[in-house]
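Both of the next two complexes hold subunit A, though its partner changes from subunit B to subunit C.
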Partner chain A sequence: MSETSAWILRALFVAVLATLPFLVNGYWLNMAILALIYSLVVYSITVLTGFTGLLSFGQAGFVGLGGYTYGVLSVKGVDPAAAAAWGLLVPTVAGFLLGLPAARLRGHYLAIGTLGFGVLVGQMLNNMVDVTRGPMGLLGIKSFGFDRVTWFYFVLALAVGLCAALEYLDRRTFLGVVLKSVKYDEISASASGIGVFAVKLLAFSASAFLAGSCGVLLAAYMRFLTPDLFISAESFRYLMMSVVGGVGSASGAIISSLILTAVPEALRAFGETNVRLLVYGLMVLFVLWFLPGGIGGLIDRLMTPVRRRITPRPRVAEPAPQPTSLPGRAS
Partner chain B sequence: MLTQIIVNGLILAGNYALVAVGLTLVFGVMRMVNFAEGQSVMIGAFVAFTATPYVGYLPAIAIAMATNAVLGIILERTAFRPFRGMELNGLIASMGMSIILINLAELIWGTVPQTFDTSFNNISVTIGTVGVSVQRLLVIASSVVLLLGLWWLVQYSNLGRQFRAVSEDPEVAGAMGINTNAVARMSVVLGSALAAAAGALSGPVNLITPEMGQAEMLNAFAAIILGGFGNVNGTIFGALLIGMVQSLAAVYVSNAYSNSIAFGLLVVTLIFFPRGLVPERMEENV
Partner chain C sequence: MRLTALTLLATLCGGGLLAMPTLANAQTATETVKVGVILPLTGNTAWGGRPAKVAAELAAAEVNAKGLAGKYKLDLVFADGACEPRTSYGAAEKLINEDRVQVMIGEWCSSASVAAAQVAADAKVPMVVQISTADGIAKNAGPYVFQSIMQNGEVQEREAELLLQKFQFKTAAILVENNDFGLSFRKNIREILERKGIKVVLDIPQDRHDVNWYSIITSIQGANPDIVVASISAGQAANFVKQYAESNMKTPLFFDYPPPPYIFEKQVGEQAGKLGLVRGAFFLKNPDMSQREKDFVAAFEPRAEKELGAPHPTVHWDIVTYDAVMLVADALKRAGAKPDDLAAALAKADYQGVLAHYQFDADRGVKPEGFEFVFIRTTPEGGLEVVK
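After this line comes the complex of A and B, so read on.
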């Protein structure tokens, strides 16, 4: 596919989404708004896991911190803009602080350590009844005063803009290279003068910021929060969206959060909720079987111009070429 | 009081250890996390629950373990074999299987929590001043027996040697004539059967619901990480620690915080011991 037709496809995708308010009823528009809000937390996984290679099982914790900070302040009568600022600041700081010990952890220790963080935040939201009202739910959150269609265009602009920004970061900037160098080989990254620890802290904070913004938007849009929205099962659902989209592909992330939100709703035709989720689970399995790179992998394959297509790298590392002669020394 | 705390702690610990050892085994052999392990616990509990009225409790445990062994084969085929070397995909695939299993269970057994009553629940023995039901002692004793059996298997049997060889280096193990696929399948089968035992044993002590596997698995993860991944002794130690602390916390703090305390302990431990209390051997290739 040529560069032009790739741009035409992208424009078409956004255009189809932009006409959605005229095509579907309020119920489906509501779903689309929620899916676009959730795409932000999927981006947070794209940054953390996809770009930097750090696995987190606790993203719902950051979403919860953002959402509840906004919600509680807004109920206390703080101006929505100020509450939103706090709602972004608190998870970012929490992400930075969590990053301090977490950047030292590797692989599964990191995953379960962050899972611990997620569980702690979830239980805290549930148990701090005098602040969060616990399982009774937080009511009366004030919003930005948008109607539903405005909300849709607002989150659409945000989601598409962030998607473009992340793709740009990934492909065109040096920061993208720095992040990926940490993912592929920490040791050679630090040997090349990259501050691995600082990069990981940055990734954690940025990812917490994105997840927190998802929380703030959720709180402002739904205007009602319960701790159930932020339990660790949600973290796994976000991770599932990310993997189906292809971890590390922002375009895949937005598409998969739209699909994985819409499909369970569309499957309501099956009636019984269990059958519905059963089909959902099967669908995830099928995507993984037939598209190992997720939706993002499929997009990459379609978008790459045919003549530039490279054969996939062999699984086994090739032996390093033997030096035939040492430079500067006559043999 | 103290007896009560110790017995409850040991029950929790035995359960977590059975689940955690299964997870460690699968991880050691395939470098993959089996997210459906919690659902194996749940399926085990329900199969035992269904079989008990027909065959009695103890044979029902064996039936549950056998059913889950079959489930293990299915899991390995659907969620692990297609994703060798793609760790994250395997994790999500087992998550997908776990959604499927929860919803199947809800279709078959309903969503209402059920009480699983066995004859051992009504007999009790007195230890010191408190009466403890035989069921509770049975849970502890069976966990110990199963864990000892697994230890023997991994340490001394031919299969155990194959497990250890594959977890050391799958390629070399394959070159030495070990069928790595069969070994991987056996690890999931064993892990799943042990989880079934955990579910069938603890079911009569608690209520059984299709959602019960999740919490069980989270705590097992905490135990594994506390102990250090891929290390059976460390895992059992971690499970003991978490079980005891939770049982103490349930009495002296509040039941609502018991998960927070387990994971708080985990997070604090990881700050000071980034590789768990019994560090896993890790190679760094430069």
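After this line comes the complex of A and C, so read on.
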């Protein structure tokens, strides 16, 4: 596919999304708004895991911090704009602070560390009853005063803009190269003069900022919060969206957010029984089976110019065959 | 030819005459009101949601057959809330924006009801929260939301009164599961017991996913309270009772009302019976129940058995769902289907249901005076009895 065709396809995708308010009823428009809001937290995983190689199981914690900071402040009468600013600041600072120890961890240890953070935030929101109203839920949160269609265009612009920015960052900037160098080989990156620890801290903070912005928008749009929205299972749901989208692909992230938010609702047509959950699970499994690189991998394959795909790869000398048994030892 | 024309004229006149009563009927014809019902039809609370759906259908059938909603017929539209706020939010959005329901009932878990209530409040669709007991759902959601079940603070006030009557104790241990029930129970019951002069010697929440209660049971042995007062939901409660019985504990045990009667007894009836477990309940089938309750049980249980494919003894969650549909029908009959009129009629409800007498206070919470509350005990044979 040529570069021009790729741009036409992208523009078509955005144009189709932009016509949604004229094509669907309020229910589906609401689902689209939620999906676009969720795409922000999937972007946060794209930055942290996709670009930098840091696996996080605690993204729901950042979403919860952003949402509850906005929610609690707005209920207490703080202006929504100021509450939103605090809602972005608090998770970003938390991300930075979490990054201080977490950036020193790798692999399973990092995953468990971030999981612990998610659990900690969930428990905190549940137990700080005097501040968050805990399990009773926080109702009456003030919004930005948009109607549903304005909300849609607002989050669409935000999600598409961020998607473009992340794709640009990934493919066209030096920072993108730096992030990937840390992802693929920390030692080489360090030897090349890259401050690996600082890069990881930056990734944690940026990721927390994006996740926090998802929380702020969720709180402002839905106008209620309960701690159950930010439990660890939600972190895994966001991770699933990211994996189906193709970790590291912002375009895949927005598409998978839309699909994985809409599909469970569409499957209500199968009846309000366990059948729809089964169908949903099978669909996700099939996507992972046939598209191991996720939707992003498929997009990359389609966007790669045909010429490059059919050009034979340079032949690499085959490695010498390994001995099947140790020399000098009777088999 | 003339004959044919005359025949045609006669047919038209006759047809017209025959049609007159039909037209007259059409002027007073029934209108259908769509009632959205959100229940946990999947997930780990579907054990309760599915029978409650049968109860709602029973109520709607009765309303439509007997004309209990005046000129209105009820058309129930069900949606699965799965006891999750996100799913319930989606369900409420679907019911209001796609199915165009005019009134809603639901959900089960408080966090899910909070989500649905916000959607109903924003859309100005009257909603009756019939099962969730978290404090202030209606109060915080605004003028279109009503809570037709006693709230946690009121339930626990009633439980504390009964506890002090039925048990002799000066010290208590409070154990809760770290969820919406548990935490509000912990806050309320501690406050009430301390106000009554009871010393709380242990007060521990346990994570809802942690099935190992032995360390807490060891703490209970150390604190040596006169009674253990617990609020733990269905699955976890069974784990706790098993481990409590295995640890050979002798301290009397009291549970808040969530473990569902009969299902819980199927799981750990033997161990609970050995402990003489007492818990709160809004309802238990017994020979002294009211005629309304007897009639409900007689109509509901065969229908539930047919729909669910297994016998289902009546529990209060079924009755309050039935009553919620009846409350809506009563309000429709009095005020019509316009949202503001319906909400105003619900606010003025003075309705004798099966489980309770329903009247709402200024915050649209049901007045607790209308509810009976009893203590039930698991018998050594694993059965259930009302504590006299």
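In this text, the second predicted complex is superposed on the first by the 308 of 331 C-alpha atoms of A that agree within 3 Å, B and C clash if a C-alpha of one lies under 4 Å from a C-alpha of the other, contacts with A are read in each partner's own complex, and residues count from 1 in each chain.
Here is the rule we use: contacts are C-beta pairs under 8 Å (C-beta built on N, C-alpha and C of every residue); 3 or more make two chains touch, one makes a residue touch a chain.
Values in this document were obtained by computation on a predicted structure and should not be read as measured data.
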Fit-or-clash call for subunit B and subunit C when the two complexes are aligned on subunit A: clash
Which superposed partner A:Asn274 touches (first subunit B, second subunit C, both, neither): both
Partner chain(s) touched by A:Asn25 [first = subunit B, second = subunit C, both, neither]: second
Touched partner set for A:Leu139, first subunit B, second subunit C, both or neither: second
Partner chain in contact with A:Ala85 - subunit B first, subunit C second, else both or neither: neither
First (subunit B), second (subunit C), both or neither touched by A:Asn126: both
Chain touching more of subunit A, residue-wise (subunit B, subunit C): B
Subunit B versus subunit C as contact partner of A:Ala262, first or second or both or neither: neither
Touching partner for A:Val196 - first (subunit B), second (subunit C), both, neither: neither
Subunit B versus subunit C as contact partner of A:Ala6, first or second or both or neither: neither
Residue range of subunit B overlapping subunit C upon superposition on chain A, of 78-86, 186-194, 204-212 or 222-230: 204-212
Intersection of the subunit A residues that touch subunit B with those that touch subunit C: 123, 126-127, 272, 274, 277
Subunit A contact footprint on subunit B (complex, rising order): 27, 33, 35, 78-79, 82-83, 85-86, 88-89, 91-93, 95-100, 102-104, 106-107, 214, 218, 221-222, 224-225, 229, 256-257, 259-260, 263-264, 266-267, 270-271, 274-276, 282, 284, 286
Contact footprint of subunit A on subunit C as seen in their complex: 41-42, 46, 78-80, 84-87, 89-90, 93-94, 96-98, 110-111, 114-115, 117-118, 122, 134-137, 140-142, 178-181, 183-184, 187, 205, 207
Residues of subunit A that touch subunit C when the two form their complex: 25-28, 30-31, 123, 126-127, 129, 134-137, 139-140, 222-224, 226-229, 264-265, 268, 272-274, 276-277
Interfacial residue positions of subunit A with respect to subunit B in the complex: 49, 55, 101, 104-106, 108-109, 111-113, 115-117, 119-120, 123-124, 126-127, 187, 232-233, 236, 239-240, 243-244, 247, 272, 274-275, 277-278, 280-282, 284-285, 288-289, 292, 315
